[in-house]
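What follows is chain A paired twice: with chain B in the first complex and chain C in the second.
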Partner chain A sequence: MAHDNKLQFELPANVKKWSMILMGVGILATVLGWFADKTDHHTYWWGNLLINGFFFFAIALGALFFYALQYAAEVAWSAMVKRIFEAMFAYIPYGLGVIVFVLLVGQFHGHHLYHWMDSAVYDPTSPEYDELIANKRPYLSAWFFWLRVLVYAAVFIIFARKFRQWSIQEDTVGGTEIHYRFYRRSAVFLVFFAVFSSTLSWDWLMSIDTHWFSTMYGWYIFSGMWVTTMIFATLTVIWLKGKGYLAQVNDSHVHDMGKWVFAVSMLWSYLWFCQYMLIWYSNIPEEVTYFQTRYEHYMYGMWGVFAVNFAVPFYVLMARDAKRNFKYLTRVGVIIFLGHFADLYMAVIPGTVHGHLEWGFGEGHHTTFVGWFEIGMFLGFLGLFVFVVSRALTKANLLPIKHPFFQESENHSI
Partner chain B sequence: MANKVFHVMYDDDQKLLDSARALVAQGIRVKDVFSPFPIHGLDPVIGVKRTRLAIASFMYATTGTLLSIIGTWYFMVSDWDWNIGGKPNFSWIENAPAFVPVMFEFSVFCGAHGMAITYLLRNGTLPGMPASNPDPRTTDDKFVMEIVTDQNAGFSVSDLEEKIRATDVYELSIKEY
Partner chain C sequence: MIKEASIRKPLILGHKTYGDITNDIVGPIEGEAPKQWKIAITIAAIIALYGIGCIMYLVAQGIGSWGLNKTVGWAWDITNFVWWVGIGHAGTLISAVLLLFRQRWRMAINRSAEAMTIFAVIMAALFPVFHMGRVWLAYWTLPLPNQFGSLWPNFNSALMWDVFAISTYFSVSLVFWYIGLIPDFATIRDRMVKPKWKKFYSILSFGWSGRAKHWTRFEEVSLVLAGIATPLVFSVHSIVSMDFATSIIPGWHTTIFPPYFVSGAIFSGFAMVLTLLLIMRKTMRLEAYIHLKHVEYMNIVIIVTGSIVGVAYLTELFISWYSGVEYESYAFINRFSGPYAWSYWAMMTCNVISPQLFWFKKIRTSLTATFILSIIVNIGMWFERFVIIVTSIHRDYTPGAWGEFYPSTIDIGMFIGTIGIFFTLFLLFARYFPVLALNELKTILKVSGESYKNDNKH
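On to the complex of A and B.
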């Protein structure tokens, strides 16, 4: 090959050091936060654990989805960056572990994030009886809920492992047999994903506001997941290029990744706004509860998140040159990466703590943004995610050298 | 000496692209290319500047957004305040979510129509305008490269012709204009 290939990624010592430091900060903030949190059953603490667990799991799951999408749609240009996505979906088991931990503790009533996990709401003789939740019992019953969790976990982990295994195998075997196997299995995965991406966001996030439901919610969470995946992948590519890797990844590849960040940001904005606008306009009592809570206590947070996540990518990344400019991409990427974390915060916290946002840890219904606790926990999970992803990057060639589309991807020019 | 125009016809877009590269490398300026479809990678070779159509389209769309804001404000709030479903009808900003679909559609409408009309005007291809391509076959399966002598003052006509004939030409016509 004409280029000088640095195929093997060496984990830089400072990445290892810093991800360890971040994890340490995270553990410290998490432990101290537990004692500082005065909300009932540490609801706020558990809510933050769920946000972080889901946010980084969603990046990994979005990577698996995007990876399968590339094969199912026979995309050639992305062959050059496919190892990045493989490294990202290596985090799936870890992310699932955090979520399952939160769900398990909830199931045994260690916290009350999920109101419907309390069996009293299904008992007509109980004063806690809630007819609206009782009507959803077939779907929310413990055995069916846990069956779904198991099926999600099994499907995601099996596909992720198999995809990775075949991809590494292809590096030595070559040929097209593995490629066509990928093509067929990716289509199967996308069928599973189409259903599970919606149902898992109902199960784990929408069910926090048990009385409320929105048919757009699954898509809204899915688009947020996808855009954070594309941001993280783009930032990783830019970072690796800065370190002298991925020499064959040219401006056109980065341009295409910038297009995905731009396009999926618009998809997210569209879904966010449609969900809001239809509920606001029709003004039906059982639908408006979700936005009522946010309007009363989180008005600026809610609109701020929407404004940033829509306007920043829209105006900055619209121009062709901006999508080819690493500096612009990095800055916009970091802003909306945090923006989408805040979006998930807005989706989870108002429904769990019902209180309003104020500075410092409060009692009971006065809930709070503390600063060091949320940021510390986020940094801890970020450290873990970066550590897992960068370690997975070292375990295989950075470029899929025998991918059938390798040549085409190398000549990618737009 | 009268100016001469070379219409160099190729029967394949790749042949035209390779020939254009070869001619440009020798310092010859290609004035234009007529092709039934866009040829990937040709623009930078013959020195076509990037289109500013996208910027124009953005301006048209922004105009559309502003017009729709003025429109919804005038029709729904100022001229006669409509009360629809108990929504706040004395204020545009509090009612803004309801107007977003209108703003969106009208921006797209203005952006798309403005862009299409600009494109047709700029290229002189509005319905009824005379065709400017030198040979009707360029709308079918042939590709024509146009080279004029007054852009290539450094070459004599015979010199140009010789260099052009050295490429994989399908048909060559030289006219005065």
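On to the complex of A and C.
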């Protein structure tokens, strides 16, 4: 092969340096934020930790999903970029760690993100008794909830490890046996994913607004997860190409990545709109509360998120040339990456700190956007994510040279 | 030419040349109609005539000749409408979405799937149109000025959105299908000997000459139409689902409806494509072009969409309990244990359990099993709409008004009649139109033809 020298990715010193700096900033913002946050039981602080924990975990999980999808659908072009997705799903255990930490502290009443974790709501004699939540007890009881967490974690970690292991093994062994094993196991993973992506969104996010429910919710969260995965992967490919790696990844591959960003953005917009429109239209008290809260206190945030995440990719990435243009892709990618972070913020925060939108930390139920705190924590997690992903990239060839679709992918031209 | 990966199964089997492809597909059009075809179209036409008779009776007598009552005001009419629209989804999905995904196997099935789509949408449209009662005033649904004597249509109504969604979908699908047919009509025109038929195909082919410029434009317009048709695949059934979901009736109002209806539509559409193609490939000897790999791919689409539908059923069921809303829970308890429980369990068995059999390679590559399951899925998807529509409304908030629905002979006659009309149209298509996109197939012959892949000499 002509590009052997660039097959092995070496972590540039400045990536290491900058991810460390970002993590440092994150730790600082997180620690200072803890002391500055005056909300009840530091609700706002915990809310932000959950957002960051879930957001980056979701990117990694989305990568595992997309990876499995490529095998199940016998896709050739993406063989060239499969190692990027492998590196991304290497973050799954870290992401799960953060989420489990938030959930554990909640279970021991360290914070009140999840109202249903409070045992008083189940006690008919207590003044805190909440009939609606008490009815949900079979699903939300501690043992069943934690059993689900364990099953999700086990399934995701096992599949991620096995997929990575087989993929590296294929580089030396070759042949088609591993490929067909991937094909079969991917289909199995997708079945797990189809169920768990919905249930984990209910468990970790929808249950924040404990009284509220929406059958669409799981698919809506899933689509947001998928977009951010595609954005991060696209940006990584562009960055690696800029460093002289991935020479065989041509414009057509990048075009296809851009198409995915575009298409899944439209899927997200479609699901967001359908969920909103149906709830707004029928205006049933049980359901409309969710948007009512956001309408009253987070009007600009709610509509801003939809407008940006729909309109920017729609107008900019519609054209063929835009999807092949690294500059366009990078700019749009960064904007909607942040847009989807904001989307998750809108999903979590209004249900936890029922306050008005104010600048700076407030007292009791008054909070929200501070600036340095949220941005700092986000940057810290971004640093961690980039660090984990780039380190995973160094551990195997950047290209799966013995993939049965390698040649077809190399010749990819559209 | 760049070859595809060697582990891919070839899409065109045997030693085929360009000439063979033309002969295989145009040959049946030039020859005498086979006896089976004549028998089949006679039966279909008789059923169609019976259906038309029922429709005439309905128009003369009014909607009272259906079995509707004051509680169940929507039943078979809307069930059949949604069922047919759903079937009409596969064609455009295959031709547009799979084109964007560059799935080459679609080339063997897109033509007949699109034809099926168009006929299915026409059948679907019959139901709401005749449900209006005074069908001669159907144009009132269009946004015409008040001078025509109508009031302005209610733009707040999802039923109104349906008029636009379906008519747009129909027009785009028709144009898309026809544009694809033009080069193939030209091929037939060039071969035809009988002057009358030559003239016929010459008009249909719009003066296609096969110049490079024509082909460039052809490909450009196909991509543009695919881009337009893709959101339409989603929008049509989303809006159909909103006919129910924008209401506040428990069992109808749920946010998952739009994507779940779309998935269900693709599911039923593929089932119908399989039913038709499995017969067609046999009777028209197209085994080299539509073979086990195609069937397997379609069966995989059936597993995926069937499972998505299954996840949606379970989500609805779970959330109806989780919501703690009494009426919501009751709607679902009534579904699986009320007087219509048999239809709920029929739906569950046909749509969720039976497609899981395709996980076994033996079953998904067996033509007989596929044929049987494709019919089961079609039955299941009819029951799905019946369950959603009738069981949600037959027991409303006041128990005094509870009732049940019994179809009248006109209900049944009209439904069976549409199946007859559909098959009549499809048989006419199969006789006079190129059933495979032969010019498109030729583009993959050297990439994915069996003998080319194996480097055999021609």
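Operating definition for what follows: the second predicted complex is superposed on the first by the 410 of 414 C-alpha atoms of A that agree within 3 Å, B and C clash if a C-alpha of one lies under 4 Å from a C-alpha of the other, contacts with A are read in each partner's own complex, and residues count from 1 in each chain.
Operating definition for what follows: a residue touches a chain if its C-beta (ideal position, glycine included) is under 8 Å from a C-beta of that chain, and two chains touch if they have at least 3 such contacts.
Values in this document were obtained by computation on a predicted structure and should not be read as measured data.
With chain A as the common reference, chain B cannot sit beside chain C without a clash. In the superposed pair of complexes, A:281 makes contact with chain B and with chain C alike. In the superposition on chain A, A:26 contacts neither chain B nor chain C.
In the superposed model, A:376 lies in contact with neither chain B nor chain C.
Which of chain B and chain C touches more residues of chain A: that partner is C.
After overlaying the two complexes on the shared chain, residue contacts for A:176 are found with chain C alone; chain B is out of touch. In the superposition on chain A, contact of A:213 is made with chain C only, not with chain B. Judged by the touch definition given at the top, the superposed model places A:404 against chain C, while chain B stays out of reach.
With both structures placed on the common chain, the touch criterion links A:47 to neither chain B nor chain C. The single stretch of chain B with clashing C-alpha atoms against chain C, selected from 2-10, 92-100 or 128-136, is 128-136. Common to the chain B-facing and chain C-facing surfaces of chain A are residues 281-282, 413. The touching residues of chain A, when paired with chain C in their complex, are 74, 76, 131-132, 135-136, 139, 176, 179, 191, 194-195, 198, 202, 211, 213-219, 259, 266, 270-271, 274-275, 278-279, 281-282, 284, 286-287, 404-405, 407-408, 411, 413-414.
Contacts from chain A toward chain B in the complex involve residues 273, 276-277, 280-283, 318-320, 413. Chain contact summary for the complex, chain B toward chain A: residues 41, 54, 58, 85-87, 97-98, 100-101. For chain C in complex with chain A, the residues that touch the partner chain are 2, 4-8, 100, 102, 231, 234, 238, 242, 245-248, 253-259, 307-308, 311-312, 315-316, 319, 322-325.
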